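You will see chain A twice below: alongside chain B first, and alongside chain C after that.
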Partner chain A sequence: MNIIPTIGMETHVELKTNSKMFCRCYVLDTDLPNESLCPTCLGLPGSLPAPNKKAIEFITLLALSTNCSITNEGMFHRKNYFYPDLPKNYQISQFDLPVGTEGSLEIVVDGEFETVEIERVHMEEDTGKSTHIGSGRIDSATSTHLDFNRAGIPLVEVVTKPLIKSSKEAVAYIEELRQLVIDLNISEGKLEKGNLRFDANISVAYEGDKELGTKVEIKNMNSLKSLEKAIEYEISRQTKMLKSKENIIQETRHWDEKKEVTSSMRSKEGSADYRYFSDPDIPNMILSEDFVNTIKATIPVLPSEKRKVFMDSGLSIEDSNNLGKSSNWIGDFYIQVSEITKDSKASFNFITGELQGQLRKLELLSLPNWVTAKNLSEIIILVNNDKISFTSAKEILTKLIEEKLEPEEYAVSNNLIQENDIDEIGKIVLEVIDSNEEVIIRISDGEDKLIGFLVGQIIKLSKGKVNPSVAKELLLKEINS
Partner chain B sequence: MENHKLSISKINKLFKDKELKPSELYDEVFERAASTESIIHGHLTLFQEENIQKALESNTRYEKGEHLGPLDGIPIAIKDNINISGHVTSCSSKMLANYVSPYDATVITKLKKEGVLFTGKTNLDEFAMGSSTENSAFGPTKNPWDPSRVPGGSSGGSAAVVSAGSAIASLGSDTGGSIRQPASFCGVVGFKPTYGTVSRYGLIAFASSLDQIGPITNNVEDAKLIFNSISGHDPKDATSLIATKTEQPNLNKAKIGIIKELMEDGISEDAKEEVYKVAKLMEAEGHEIVEVSLPLTKMSISIYYLIAPAECSANLSRFDGVRYGARVSGNTSSEMMELTRAEGFGPEVKKRILLGTYALSAGYYDAYYGQALKARAMMKKEFTDIYKQVDYVISPTTPSDPFKFGEKSDNQLEMYMSDLCTIPANLVGMPAISIPTGLSSQGLPLSVQIMSPANTDNTLLDFSQTLQSLVSFIDKPILNRTEK
Partner chain C sequence: MTDKIDIKNVAKLAALKLNEDEQQQLEKDLSMIIEHFAALSEMDLPDDKISIHPLGMSLNLAEDIASKSLTHEEALRNAPDSKDGQFVVPPSLD
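On to the complex of A and B.
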């Protein structure tokens, strides 16, 4: 019998608001600790939370963009637990009335569409940051340093239903969510900065079993690579246990990046009772129809819609998905170019391969204004019509980024136009054959690799204007005749 | 010259007419403090030295005719759970005995702008939990009418200092009667405004959905003056109301309901008599008196002792020794927190935290906290319906006159029952005022409480002012009598 894994993802998205969730402290990107603090985010006695309207707009935008139903009366709750980096020893979060519920997100896995079902999208405040000295854990540390810059930064938690089937799917989901929050302009979306932080709930069961297996939560995965590896590891660990009829316990496990294993953090049986209750300091959030409609009107082109446009232009799902991860202007530029060239694949390859490669090399964030869809298309069309070689195309592109030029004119004046006239090429081929009699004999004796040498001679003689494949074809015809 | 019992408007007139200087009143108030504090212990800290300069600045403003308003130069005492920047805010707890607030509460910012002179911080039951100030970690406050009796609580210090004359007025906070009950016990006026009219920013929370700051004063007029200067929308307090002008003064012919359930068992004859006496006086003025029934008021103690502890259990979690306040070291961070809380909190605070933690626990929430929320909503509706029939409801403020020290500290339920009449206003969120109207058979002050619908604070205050003019309450705490 097959053993099937089931995965649910919980992702925290740090919003890029100017100020924190419940006070007007700046959200700072700094390594200096405790630079952006006030009585409220430090939990000083007598301070009160005043919700950030921008954050509510952002979460509504995300909930709408993941096809969630919007709760018209949202509520903030207090989640009670003691920890030194939690200033009030309760976290303001949402409980039974989250902003969004029952949504979905289209993702691309192995060139196919899949749908991830979203259970809830809710708003909460971040905690401070603990740095334990002398140990990874607080109770064995010699001291713990607390930085409250992060305390109170608005977070959105996106929780999926436990319906994800593989590590690849989980990774594709995080990639899609990341692209979504970037396109919505509500988060920096940088994994390495902790703008997106994710935990995975994993269980395994025999195929056909009605109930899911015991759930294990994995924490501390800091990159997509570690997410993939941790899930793979955990699936195989649990699969082995299930096969040998060992008891899988419900617990939280820590992913060890160096050892590439998960280890037990704490058992869920003794887990905290968070004693959620509605926060009396914050009145209910009424998300009126008008408000929701206003936000709806601001939804930009979503990654799934971008994919659709690219696919309509003729690209595969995979290429469309990859192109969607580039800056929006690249996608727009691609659409303009492919409309002129009528060759989506060639346009995609040239833009994502050569053009983006050049920009990266030159550390340019945008194109010089003389590089237009028209003159870039001209280069692609020259290649497509066998008028220039791909090598020449790259040369023209490099020049074009340096200075304003007309690609075809440049190709002509720099002798880059290929010779496609069979008679003309034939003459050159014969010339080469005549002057390389010895080589021809060796080829006849079976030294095939010398064909390339002769092709090179032909191209050299033509000053690079002969199309190599045509030259080779003619050469072989002559030798074999 | 005795100025400390004059109304603020009279004092202001004396200032403007240059018959009295703010610094002279300031000195007089601190002379009162010097002669009374050793007996009543109303102030935990006195700001005499540090505010002399401010009193002199106020003198100058009056001399130049540039005073900031009617409260300029008025010495006001502040309950020690309201933050004043640079001063200790102890909440009468060992936990915060040395905690200096780095910021001003919104009410303090407002009063500073008006040129108020703070006399100091006043004693309270620890974290405002109690009805007698016996729960203060720094010793109780005594009733100026009889130092063997409690001043009430939790704002006992704030009520006692106004009664004793060591402040012209004071700010208290009221979660279940903590302004009105001590005001009644000390024979002064106590006003709890509509929930949300006065910003709670900077008030150290006990129960956030019930807490409200309000004035304790010698008369209703002063209460109105202070209320209007501390109220108003505050963006820092999300529960703060945006002012709505829905008040419809009806001073001539009001309909007043005596709450039947607050005139039954558990209320002393003296206390009931005061209500009837006041009712007769008002009837004679042409107002209509009826009896109204609000059955759920009988449940208010039960509702309150689930909601308030539940909220306080979370509100007081932040006192853990990590960032400020007392710290008792331990081998681990959690041990440090445990020991700090074990050492820092007094028994009543611990009891309420435990009660609230239990009421919110998984498996108990629905039976306790959830039920209390439902009952509270029902009680609100009961009052809304009654206010369709009457303009005001009236009751005693307290079931009896002030009790003696130790008298109720062994009987918790009886102690809790002393807030029976005052709790409904907090649960419902409506304004309520306590006005001293007479003396008990023991010669101690008794008050009546008047309540009106939410957001009719000024109407209630105006009406109360006319009522106050009808009763001939003589403010004679024993401290004043013995001096003369």
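On to the complex of A and C.
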């Protein structure tokens, strides 16, 4: 019988507000520790939390953009746990009345659409950073150092239903969520900076079983690569255990990036362990219909809508999805170019491959103003009509980024127009065959790779004007005749 | 009648060590409290009369305008121990 994995994702999104969630301390991006603190985020007696309006607007925007129902009365709870990274000994979070519930997010996996169901979207605060000091293993640390700059920064937790079926799907989901928070302009969305942090809940069960297997939570995955590897590892570990009828323990496991294994951290807490209760310092939050409608009106073009526009232009789901991850101006530029060239695939390839590659090399973030959809399209059309080779197209593009020019004029005056006259090419082919008799014999004996050498000779003799595929075709015809 | 209380789990969550006598006594006491609440939930009350939060007021959100509060030195002043600008506490693992 088949064994089926089930995955649920919990993702923390750090919001880009000016001040923290419950106090007005600056949200700082600095290596200097403990620079942005006040009595509230240090948990000093007598301080009171005051929730950040911008953060509530941001979470409502995210909840609406993931098709969630918005609660009309949200409540903050205290999640109690004893650990020094939160000086209050509790984290202000949400429990039974989160901002958003029952949403969904469209993702692309292997060129196909899938839907990830969202269970809840709730508001909470970040913890401080702890560094364990001492030599060797982490559990032989001699002290823990604490920096509370991050304590209290607004975090949105997005929890999916346990319906994700593979590591690939989990990665695609995180990529989509990342693009969404960037497009909504509510988070930097940088994984390497910890703006997006995720845990995976994984279980395995026999296909057809009514109940899910025992859930294991995996922490400490810092990149999409490690997310994929950790899920793969964990599925295979649990599958082996299920097959050999071993007992899978409900626990939290740590992904070890170097050893590429998960190892047990602690037994998993249930929600009762956190002794949630409503925070008596914060009244309930009324999210009125007016408030929600005002936020709804600010929803920008979403990644799924961008994909739709690109697909309507003729691109595949996969290409549309990839293009959606580029800066908005690249997508807009692509649309203009593909309308002129009438060739979506060639426009996509040239813009995302050649143009973006050259811009990256030059460390340019935008196009010089003389590079227009019109003259870029002209280059693509010259290639499509076999007037210039792709190599020449790259050269013209390089020049065009440097200075204003007309691509076709440049191609003519720099001898880049290809020879398409079959008779002329045929003469060059014969010339090459005559002066390479030995090579022709070796090709006849089966050394096919020498064909490439001869094509090279033809192009060289024509000073680069012959289309390589035409040259090859004529050459083979001559050899086989 | 309400479900039986799992007194051992409650003691574990509260980090309390209870002997057999204490367990029996507390189980009885807690069951009585739960019965009182069960009686409350059987009362027929209109939805708007049910208090779900101790504060009977709605929340005013604060504008996202950041300001400087404690200086680095002030923040660390009362810490029992600090080093390299950080609070130092006994080793603790997550």
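Definition applied: the second predicted complex is superposed on the first by the 420 of 481 C-alpha atoms of A that agree within 3 Å, B and C clash if a C-alpha of one lies under 4 Å from a C-alpha of the other, contacts with A are read in each partner's own complex, and residues count from 1 in each chain.
Convention: a residue touches a chain if its C-beta (ideal position, glycine included) is under 8 Å from a C-beta of that chain, and two chains touch if they have at least 3 such contacts.
Keep in mind that what you see is a predicted model, and the values were worked out from it rather than measured.
In the superposed model, A:51 makes contact with both chain B and chain C. In the superposition on chain A, A:80 makes contact with chain B only, not with chain C.
Greater residue coverage of chain A by touch, when chain B is weighed against chain C, goes to C.
Of the two partner chains placed by the overlay, only chain C lies in contact with A:284; chain B stays clear of it. In the overlay built on the shared chain, the residue A:27 is in contact with chain C alone; chain B does not reach it.
In the superposed model, A:90 makes contact with chain B only, not with chain C.
By the touch criterion stated above, A:273 is placed in contact with chain B and with chain C alike. When the shared chain is aligned, chain B and chain C each come close enough to touch A:39. Within the superposed three-chain model, A:18 lies in touch with chain C and out of touch with chain B [touch as defined at top]. After overlaying the two complexes on the shared chain, residue contacts for A:104 are found with neither chain B nor chain C.
The intersection of chain A residues touching chain B with those touching chain C, taken from the two complexes, comprises 39, 42, 50-51, 84, 138-139, 144, 146, 273, 275, 280, 282-283.
Within the complex formed with chain B, the residues of chain A that make contact are 39-40, 42-51, 78, 80, 82, 84, 87-90, 138-139, 144, 146, 273, 275-277, 280-283. Those residues of chain C that touch chain A in the complex are listed here as 9, 13, 52-55, 57-59, 61-70, 72, 75-76, 83-94. Interface residues of chain A, counted against chain C in their complex, comprise 17-19, 23-27, 32-35, 37-39, 42, 50-56, 73, 75, 83-85, 130-134, 138-139, 141-148, 265, 272-273, 275, 278, 280, 282-286. Across the interface of their complex, chain A is touched by residues 81-83, 89, 91, 96, 99, 101-103, 105, 200-205, 207-209, 235-239, 310-311, 313-314, 317-320, 322-324, 332-334, 337, 357, 360-362, 365, 369 of chain B.
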